[in-house]
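You will see two complexes here that share chain A, one where it goes with chain B and one where it goes with chain C.
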Partner chain A sequence: MRPFSLFEFFERMERWVAQLGRGGLALLVRLMTITIILLALAWLGYLFWIGQARLNTEFLFGFNSVVARKAGVYPALMGSLWLLLMVFLLSFPPGLAIAVHLERGRTNRRIKHLISLNLSNLAGIPSVVYGLAGLEIFARQLNLGVCLMSAALTLALMALPTVIITCREAIRRVPAELEDGAVALGATPLQALWFQTLPTALPGILSGVMLSISRVVGEAAPLLVLGAVAFVPYAPNSVWDYFTLLPVQIFYWSNQSQPDFAPNAAAAVVILLGITLIFHLFALWIRNRWKERIHL
Partner chain B sequence: MKKRERVAAWLMGALSWASLGVTLIFLWLFTHLSLPFFARLDWGAFFTSTQWTPLYEVKQFGILPLLTGTLMCCFIALIVALPVGLTTAVFLNEYAQSWLKELALGALHVLSVTPSVVYGFLALQWLTPLLQQYIPSLQTYNALVPGILMGIMILPIIISITREAMQSMPNSLRDEAEAMGASRWQIILMLLLPYSRRGIAAASMLALSRALGETMIVSIAAGQHAGLTLNPLEATQTASSYILQLSLGDVGQDSTEYASLFAVALSLFVFTYLLNLAGHRMGRSLNHLSYLAKEHAPI
Partner chain C sequence: MDPQPLERTNPPLGEKMSVSEVNAWYGAQQVLFDLSMGIRTCAVTAIIGPSGCGKTTLLRLMNRLNDRVPGARMTGLIRMDGRDINGPDVHVAELRKRVGMVFQKPNPFPGSIFDNVTFGLKIRGMVMRSFLNERVERTLRQVHLWDEVKDKLKSSALNLSGGQQQRLCLARALAVEPTVLLMDEPASSLDPINTARIEELILQLRAQHTIVIVTHNMQQAGRTSDVTAFLHKGRLIELADTATFFTNPKSPSTQDYITGRFRL
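Then we have the complex of A and B:
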């Protein structure tokens, strides 16, 4: 029998602990990831479970009410859809123009870098700050008041940096040879851009813009700061109308002291998430088809 | 070039310059409108007073409660998000089978598209009652639960940027380490994490700036009173939820409270702008654009 060696004992202990630690860490790492998956599933399940009683057409097409069981989300739903469209129309053209300029324009690289750095910083500014600026600039200084228009302008301003970033990403993916070929055949640079690059990049651009806009329309804070309230008895008919939105409605319902309103809030959350997810899946579908085409 | 083309190019350039103007307009606007606040301010009390009560009869403007509230929530969020985010990123990068990876990315996608008001609802209606069963002293409105949910909210940002940094590690490095006999964990701890430290730092800064500005979760679940406390089980208020609270109330346009709104907005603007600047500077070695696109439309 070998003599007992303290050194060897410690070494063996150390190896054992290290092995245990490695196994434990690997397990921990797995558990974290699985927890995230379960969490996302649990939330969706919880929201459905709480909100299922209110998920019916009455709720979808009803108007708000002080009685929880009679309340509906029609004005809020319509407001959100209007806003989705308006933010798209307001942020897409300038966003695309800036993206094209930054990707293909003939400006000093330093200046372009400065502009794009500023844009990415603007993308990180809190939404309340945008709301406050929108309130002061659009609602007060430009005298638009609290209406869909000032809300859409505020949100468009907020969406713009992200729209630009995603548009640039899409334009950048289009091979430059396409444009070079067009120019070689006698097209002007702008024609090459307009007839070659942009049509090729369009699906990517659209999906990126949709992703960034659907995210912005889920925001409640800037619109609450702007002055949106939950109790609007009609769906908007024009861009100058007063409005309410799903996130705003959810905020007021979850802040109610009566527990009756919790199912309403959960049901509204399910509808909002549904809209966002459908939008997202559609955008991702476009993007995937486009990627297949571009690789050809 | 035709004239029409020159006009188009000029217009696109002008619009790009206008985006710089937005920053300047914001700065000017907030400075201009917060001047009355700073002019009427008692600077001694501003730094030493433990009360922030703009809506009370006796108005006191001590920045400490608001500052501690904001920092505490962000701190809790980072405490939750950093370890979970890092380990998940390591797992997705090193271990995960492809089906599990797809599933995890899908879950993260759901987390990242969830509007923040939904997180607020979940905080107040789901997690607070759940935790109250285990921590009896937890108040209905507290800093802990919004902090945790804020941490979950910023998870996708941390994971996607960290993964981006990890994926940029050249395979030759890994091969060399393996050839030297390094184990998987040695590679992760001594190669992968040090290699992606800039990405991790960038991710934490961008995530922190997101947490700083997060409004709905704290407004719904953290309460409305800014008391000077470091106890996460009590109600608190952050800078952004103060802006929301005041905007929802009735505030005269030439009052000190109204000006204080813009002072708080100015400091939020400046802080998040600087944090983003630092974050993007940290992450500049990564592919700049795809990395930014990841931040805003993660996964």
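Then we have the complex of A and C:
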């Protein structure tokens, strides 16, 4: 008998997988994909069916009420849109600045390494923990109370690590020769960055930022901890107002003992998914619109 | 094709730049050793030598592009018109405007052709439309690209072919009116026809520009240059008029290199 060869073993495995791929495996993968899509569609259809009675403009623009049939999603919808905008404003500029510094700044390499290590760790921290931190830091220590501002700060903090990481990736994808070319024409390093690298990286930056922000604003857990779950009958007028938002509203309705509130929750889920879908499509559009600018 | 002024505006003697006793390092590794040479005004100086001999480093020291490389440092003196280019009174951006550079791989900006040519002007605040239009046409004619692109100045430079891109990069460098042009193997990624075009351009440009070209191709050095320098392992082995250099090299290792009997 021949001695065992690891190389031969892998070669045989590969051949085996390839054979599977030609026949059964490809079919299996296709079946699984189709099943998942069908399940998701079925779930969406089910939600539509349950919430159909409430999917109308009255629900969309109505205010909250203790009577399920009269309750509207408007305050939560506005709260979510406010938060989207605020989180974008609070996390994008500092995130981009930090990313640029980490990619181009003159900080010691070891410190940069330490920072990026911590960033990946921060991106993996459960959202509840962010909620607790936000409650303590923004709502209590900074005395902001439970308002849109403290919620936006908490979510921005949560989005920041991913925003920084995606911005760094997008900047790194721009070839260094581009900046060299600009500098060789007499541009200052900042001009080269501002006029060449950042515009080239912008589609990647924006689509990445949109995705991470829409994910963060879809979270209910950190804001539940922050104290956002309550009956909120009005839409926010300023960043210091008390608020609610779609995920929290869904949680609130699905927690009610009366079954009448179930259609409300289902309809709100459909609206939340719609907003997320619009955001993702927008990010996709940005990426494709400027695709030709990325390659070199 | 436009008639080019063939008389040189400056006498071909005299030195535009001079490199004296230059040592250069990347981190702990020394790549240039005590290198001294003059760059003759309005002439083409070719730098040849095997890969990794420090040709590109020398070039990047001459417009201080190596300032941007972390861990790169140098000692010695590089002068332009008698002034130390690393001196405290030298404005780096101004130096790089006067010492243009064309890179090995065409690196057009991902904007329009027009934006590529005008970038170096716009960042200096020159934004008058008529002036920019005139400059774009002049430089694109200079590199014989005008007829090919005059109808699509607003379209992306990335849609041009490699040879066109490289000529666009040359036009972009010429637009800010440099007196010295550094070329880092400008034709190495081009086909023979585009290589011939670039070489022809070099011969036309030397009437008004001091040109330093790094090349792997000895025929190219022979065809285009007035002076040739041979670098090996970071040291200048030989520097002579091109005709003398190729017909009557003094150093045995130069002789070996140009006849292809060279061993590292």
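We take it that the second predicted complex is superposed on the first by the 263 of 296 C-alpha atoms of A that agree within 3 Å, B and C clash if a C-alpha of one lies under 4 Å from a C-alpha of the other, contacts with A are read in each partner's own complex, and residues count from 1 in each chain.
One rule holds for everything that comes next: a residue touches a chain if its C-beta (ideal position, glycine included) is under 8 Å from a C-beta of that chain, and two chains touch if they have at least 3 such contacts.
The model shown is predicted, which means the values in this text are computed figures rather than measured ones.
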> Are chain B and chain C a fit on chain A, or do they clash, once the structures share the same frame?
Replying inline: fit
>> I'd like to know which partner A:Pro233 touches here: chain B for first, chain C for second, both or neither.
In response: neither
>> Taking the superposition on A as described, I'd like to know which of chain B and chain C A:Gly186 touches: first, second, both or neither.
In response: second
>> Between chain C and chain B, which one touches more residues of chain A when both complexes sit on the common chain A?
In response: B
> Which of the two partners, first being chain B and second being chain C, lies in contact with A:Phe195: first, second, both, or neither?
Replying inline: second
>> Quick check for you: in the superposed arrangement, does A:Val129 touch first (chain B), second (chain C), both or neither?
In response: first
>> Between chain B and chain C, whom does A:Gly45 touch in the aligned arrangement: first, second, both, or neither?
In response: neither
>> One more residue to check, A:Ile36. First (chain B), second (chain C), both or neither?
In response: first
>> Quick check on the superposed pair: does A:Gly274 touch chain B, chain C, both, or neither? Answer first, second, both or neither.
In response: neither
> Between chain B (first) and chain C (second), which, if any, makes contact with A:Leu178: first, second, both or neither?
Replying inline: second
> With the two structures laid over each other on chain A, which partner does A:Leu28 touch: chain B (first), chain C (second), both, or neither?
Replying inline: first
>> Looking at chain B versus chain C in the superposed three-chain picture, what is their shortest Cα distance in Å?
In response: 9
>> Does any part of chain A touch chain B in one structure and chain C in the other, and if so which residues?
In response: 188-189
>> Using the touch definition from the top, list the residues of chain C that touch chain A in their complex.
In response: 63, 65, 68, 93-94, 96-97, 100-101, 103, 105, 107-111, 119-120, 123-124, 156, 158, 169, 172-173, 176
>> List the residues on chain A that touch chain C in their complex, please.
In response: 175, 177-178, 180-189, 191, 195-196, 199-200, 292-296
> What residues on chain B touch chain A, complex-wise?
Replying inline: 1-2, 5, 8-9, 11-13, 15-17, 19-20, 22-23, 25-26, 29-30, 33, 84, 87-88, 90-92, 95-96, 100, 103-104, 106-111, 113-118, 120-122, 124-126, 152, 155, 183-185, 206, 209-210, 212-216, 219-220, 240, 243-244, 247-248, 261-262, 265, 268-269, 272-273, 275-277, 279-280, 289-290, 292-293, 295-297
> How about chain A: which of its residues touch chain B in the complex?
Replying inline: 22, 25-26, 28-30, 32-33, 35-37, 39-41, 43-44, 46-47, 50, 94, 97-98, 100-102, 105-107, 112, 114-115, 117-129, 131-133, 135-137, 157, 160-162, 164-166, 168-169, 172, 188-190, 208, 211-212, 214-215, 218-221, 224-225, 227, 247, 250-251, 254-255, 262, 265-266, 269, 272-273, 276-277, 280
